[in-house]
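Letters A, B, C and D mark the chains as written, and numbering starts fresh at 1 in each.
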Amino acid sequence: MRLYEYEAKRIFARRGLPVPPGVVIDRNSYQNLDKVIYPVVIKAQAFAGGRGKSGLIQFASDHTEALEKISNLLGQEHAGYTIDRVLVEQKITIKQELYLAVIIDRLEHRYLIMTSRQGGVEIEEVAQTSPQALLKYHLNPGSVIAPFMARKVASGLRLNGPLLNAGTELVLGLYRLFLGYDCKVAEINPLVVSDDDRLFALDAKVDLDEDAMYRHPDLKELGITARHEVGELTERERIAKRAGIPYVDLDGDIGVFPGGAGFGIAAIDLIQHYGGRPANFMDSGGAPTQEKLRTMLGLLLDNPRVKAIFGARFGGISRCDDWARAVVQYVVENRPTKPMIMRMAGNMEEQGRKIIEQAKSVHAEFFKKIKVYAYDMPIEEVIKETIRAAQEEKQ
Amino acid sequence: MAIIIDNNIETIVQGVTGTNAALHTKFMLEYGTKIVGGVTPGKVGQEVEGIPVYDTVMDCLAEHPNATVSSVWVPPRFAKDAILEAIDAGIKTIIVITERIPVHDMLYARCVAQEKGIMIIGGNTPGVISPGKALIGMLPKIAFQPGRIGTVARSGAVTYYVANSLNLAGLGESTSVGLGGDPILGTNFEDVLRLFEHDDETDAVVMAGEIGGVYEELAAPYIKEMSKPVIAYITGKAAPQGKRLGHAGAIIEGKMGTAASKIIALEKYGALIAQTLSEIPGLVKKTLGRDVS
Amino acid sequence: MRLYEYEAKRIFARRGLPVPPGVVIDRNSYQNLDKVIYPVVIKAQAFAGGRGKSGLIQFASDHTEALEKISNLLGQEHAGYTIDRVLVEQKITIKQELYLAVIIDRLEHRYLIMTSRQGGVEIEEVAQTSPQALLKYHLNPGSVIAPFMARKVASGLRLNGPLLNAGTELVLGLYRLFLGYDCKVAEINPLVVSDDDRLFALDAKVDLDEDAMYRHPDLKELGITARHEVGELTERERIAKRAGIPYVDLDGDIGVFPGGAGFGIAAIDLIQHYGGRPANFMDSGGAPTQEKLRTMLGLLLDNPRVKAIFGARFGGISRCDDWARAVVQYVVENRPTKPMIMRMAGNMEEQGRKIIEQAKSVHAEFFKKIKVYAYDMPIEEVIKETIRAAQEEKQ
Amino acid sequence: MAIIIDNNIETIVQGVTGTNAALHTKFMLEYGTKIVGGVTPGKVGQEVEGIPVYDTVMDCLAEHPNATVSSVWVPPRFAKDAILEAIDAGIKTIIVITERIPVHDMLYARCVAQEKGIMIIGGNTPGVISPGKALIGMLPKIAFQPGRIGTVARSGAVTYYVANSLNLAGLGESTSVGLGGDPILGTNFEDVLRLFEHDDETDAVVMAGEIGGVYEELAAPYIKEMSKPVIAYITGKAAPQGKRLGHAGAIIEGKMGTAASKIIALEKYGALIAQTLSEIPGLVKKTLGRDVS
């Protein structure tokens, strides 16, 4: 889960890593601007590389200039998200830009400390154009870092004299932060040497493991809570998250109600492959309760963009009878008018089928647009029929 | 002999008293899997489906010294410890059903396992089945039939649908392996491809990957070395960037882990690419040049 | 550095290990007795095995009885030390006595967790009479303990049901305390199961590494400061400690002023071997300053028990000229009247000799009883002469 | 060739800019020891007695790849890191002058060294000298003369007095090793006895132990296996119980580590016991049955 720069820097500050003095400003906290020392850098808080080029980083030498530029930035749209906050920091005079990161090496399954004397540019670029400028130090998962190791890293950045010790402390601190907060990435780019020979983390990128956040209750104190890996949640995504349902809004018109995350991914592919447009990704997880199944159906059917529902249940961990019961109860209580084209196979299929047949016979009118196919109907045929149903609805 | 599990292996269940674990212990026993013991700390003396429960893996193995495989069903915050305990006690293959294990925990457990030559499958694996012989995990038996096609997938449901489409076309599986949906996996595609390559009960392999990570790309070069055909099905072409799709591992991070990059890598080294589930059995039959069952 | 039981239990409590509720009482804090729940156990705080047999552990069922027994215990002499404090704890009804310890295995150079179902007796006894009752678990230095490992230990104690988890937590806690406070020993004997199926550390033995105490500033908060490995410091020992001089009071009459700890040990042996009685052990450490050397001499010469001084300097790290200068200055300023028989050899011996000869020629009267032999005089002859000098002084 | 250090070894000094280290760097150089570089973080570019200073051991070895021995003079709280750094950089023998290193730190460093087959001497060693060849540490050269007696002791000053009494009797040392006064030692008596046993420049060994720990007792059985005579001198017979005598390691803990227990063990396995320093040369000469020099 990628943090905003200001969030990452709050963690840095808590761990004693050197960040420039600064304040966070949103529409309701312009008064924070009184605390800064000019000249300042104004940095829009957005998940974007090359913020400088996109005008998302600006400079101001006095209050009036800062105010104008901040109010200009706030509310801007960028890559689909609105800029709600800026970080205003005292401007550091830069003598040198370096790169320092601790990441998980997915090939080696080990931790990797990476440094470069070419900081301030995309590290992927450095890796391609001058790989010899990139120094790498591997550590085994879970292992502590010895001070000498950190000193080796700092020395590799050719920091010396008092800067060597400052650099050593910084490497120790960043590695311990990486380990201590279950990070996937902890990156400083650029790490700068100021004109008065101090080190500063000018930018900070932290990527947390959402599945380990329970171990770090202090993140909440810092205002950091679970969300998308990158970016904010939509309203429906928030509702789903609260209910423990993995759910992502897409921009199509076919609601996807699958069982299992992997097939959820396959389903949106197949819908697209056959010319339809999925409205969402969803995962029922291992063995969903009936209540959870009904919440899931509600999320789809209440979405005005959704014209038809594609549903699939391969009863493995979860049972077809439970699934059928949930579907029937939802339909009877909510009387949805959108077509629902579904397939049910696997464990307890027969019992599930009986439940649905019985409901149909009692409430035939509610089930007019609802189909539940069986094992012998290939899943892709079900998808094609859903796409046709959605197109008919639109007309 | 099938890969990983066969009808003669003895196995234990860690976290056996949990609801899901107990239910699937029943299903596994019904399938014929030889479960000899279960472990839940503090519950020694209890029984689950007639299987005795122990406090520690060590105690369990003291009574059942031939058990070599364990499945782990404990909550994610206890998964690392359960794996380390199994390794310490002498278990050789650890099938980790638990999902959403913290990344650093799994990296550590993986590192210990690798040093000691222990196989971990998962986390977040649906399990492994050698149809007609043994099943460890929560795969629905109805989705599988004995045959000579090896399958390996990241996702549980995709494992079922792949087998399902093979079965509908008259094909069956030698072994189906779920690698798991977590981002750090104990065993990856290449490991399983190597096992199938050397398995004389397997004629061809279907691998089903998805967005996220680089395990598919890493496996690609080995496909060229293989004597057996590999059919690859990769999902997530329609996936948005930067959002986890259910599985902790199913996410496109920056330029890494897209369906396109995986398909390009696999195709380059000779895998046959299935665009849809329904294309899979046709490609298998075509490449084998005959009707196999 | 061995802690008193009450100190060890304060650390236990801070780390969440279960100790019976209790209070510490000295002559000035009888009022603490108001907080206890009867019946109680009254435990004299002394470094002694088998306190029960020596009457250092007593029981009381009400306030009057407790008061009487406490005032009886306070001020008692035991093995050379006065009992200044008692620990008064609620009496636990014992169902079972166990043994649990984490120590450093000096043979293997690893950590060792030891348990036994035979608690409450000296573990050395168990080791001899029924070694199979002693379970041992080794861990590598610095390594963390996995919960499963702790569970294995607890399970080895045949704790089960809810007690297994309580035992696991206790093993985890004790091991982490051992590692976290740089302990040489962290022992619970007995560890008891109470009649209501709870675990309690009924006694607690903690042995700290004095050389690592700088890492644990919180020990000071708990009132724990450096002292002898076992036992309190004498007044002279306290002065020496403050000055950074390793010094131990012995009960003889020959002051020992050596260079180096190892030869200090040899010197007290040799004095005894030749029929003398050393008044102290002392170590000048690596390269003592002149000021430190003068403090050392003062410690000896101000001690009324001391009749003569034996001195030795083998100039290695330290230089003979520095040593000679310090001796001369002390003598000139303090005009000691006790005989000082010494030997000086090694680095800068010649320069040192000149300094002493010159001082002698100026202040002949102060140096009447002072001899400084050279390289060619065997050290044991110097010792013999010192013994003779001391005997003459006594007459 | 002498044991541990000889006139052809190249050596570095960790913590070289400290007062003591700088002074003894001078003495070592004067003795002929080949010091090629020093290390103090943050002080690259300086010189000590003409020896270049580096920020890290790695940097130092990059310039002086033949250095295999390091002496460590840093303050106790940095000793563990200095040892680990030396090991990481490829140093083979680490002579740790630093005293009062926390016990857990030394145990850890010792464990790492042992896994990698690295020799640590100390902590709190006065050093090692092969008279006339090389000296590493702070032993005073005046106390030693070339000869064919190996000496090994825990304490620095005792090392000097032992050599001194040998020299006064016309004997000299092949190598004198200070094990160190700290409670946890990298190298113990048995290790050094083994080296002397296989050293063709050594005829007999004097070992000087003291109260505390069990290193003397542990070495005793090996003495019986040796072809060379061992004269043992143990100090601390007059020592009180439970009080550290200067050295962190010199303490009688309960019944462990008394002078009596050490003497009994050594005598049992054939060591000749010297009651005083002055008895040592006589015992050496007697056991060798000749006048050696």
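Here, a residue touches a chain if its C-beta (ideal position, glycine included) is under 8 Å from a C-beta of that chain, and two chains touch if they have at least 3 such contacts.
These numbers were taken from a predicted model, which means no experiment stands behind them.
Asks: Taking each chain's centre as its mean C-alpha position, how far apart are chain B and chain C in Å?
Replies: Inter-chain centre distance comes to 58 Å.
Asks: Counting only Cα atoms for the centres, state how far chain A is from chain B in Å.
Replies: Distance between chain centres: 26 Å.
Asks: Using Cα averages as centroids, what's the distance between chain A and chain C in whole Å?
Replies: 57
Asks: Determine the shape of the graph in which chains are vertices and touching pairs are edges (line, ring, star, complete, other).
Replies: Here the contact pattern is a ring, one closed loop where every chain has two partners.
Asks: What chain pairs are in touch here?
Replies: Chain-chain contacts present: A-B, A-D, B-C, C-D.
Asks: Show which residues of chain D lie in contact with chain A when the two form their complex.
Replies: Residue list for chain D touching chain A: 41-42, 44-45, 55-59, 78, 81-82, 84-85, 88.
Asks: Would you tell me which residues of chain B are touching chain A in their complex?
Replies: Touching chain A from chain B are residues 20, 24, 76-77, 99-105, 107-108, 110-111, 114, 126, 138-140, 142-143, 153-161, 164-165, 168, 181, 184, 210-211, 213-214, 218, 235-248, 250-251, 253, 255, 259, 275-278.
Asks: Please name which positions on chain C make contact with chain D in the complex.
Replies: By the definition above, chain C touches chain D via 2, 47, 104, 106-107, 109-111, 124, 140-142, 179, 182, 184, 209-212, 214-215, 228-231, 246, 248, 250, 258-266, 268-273, 278, 281-283, 285-287, 314-317, 345-347, 349, 375, 378-380.
Asks: Quick check on the complex: what are the chain C residues that touch chain B?
Replies: Touch list, chain C to chain B: 146-149, 151-152, 155, 160-162, 164-165, 168.
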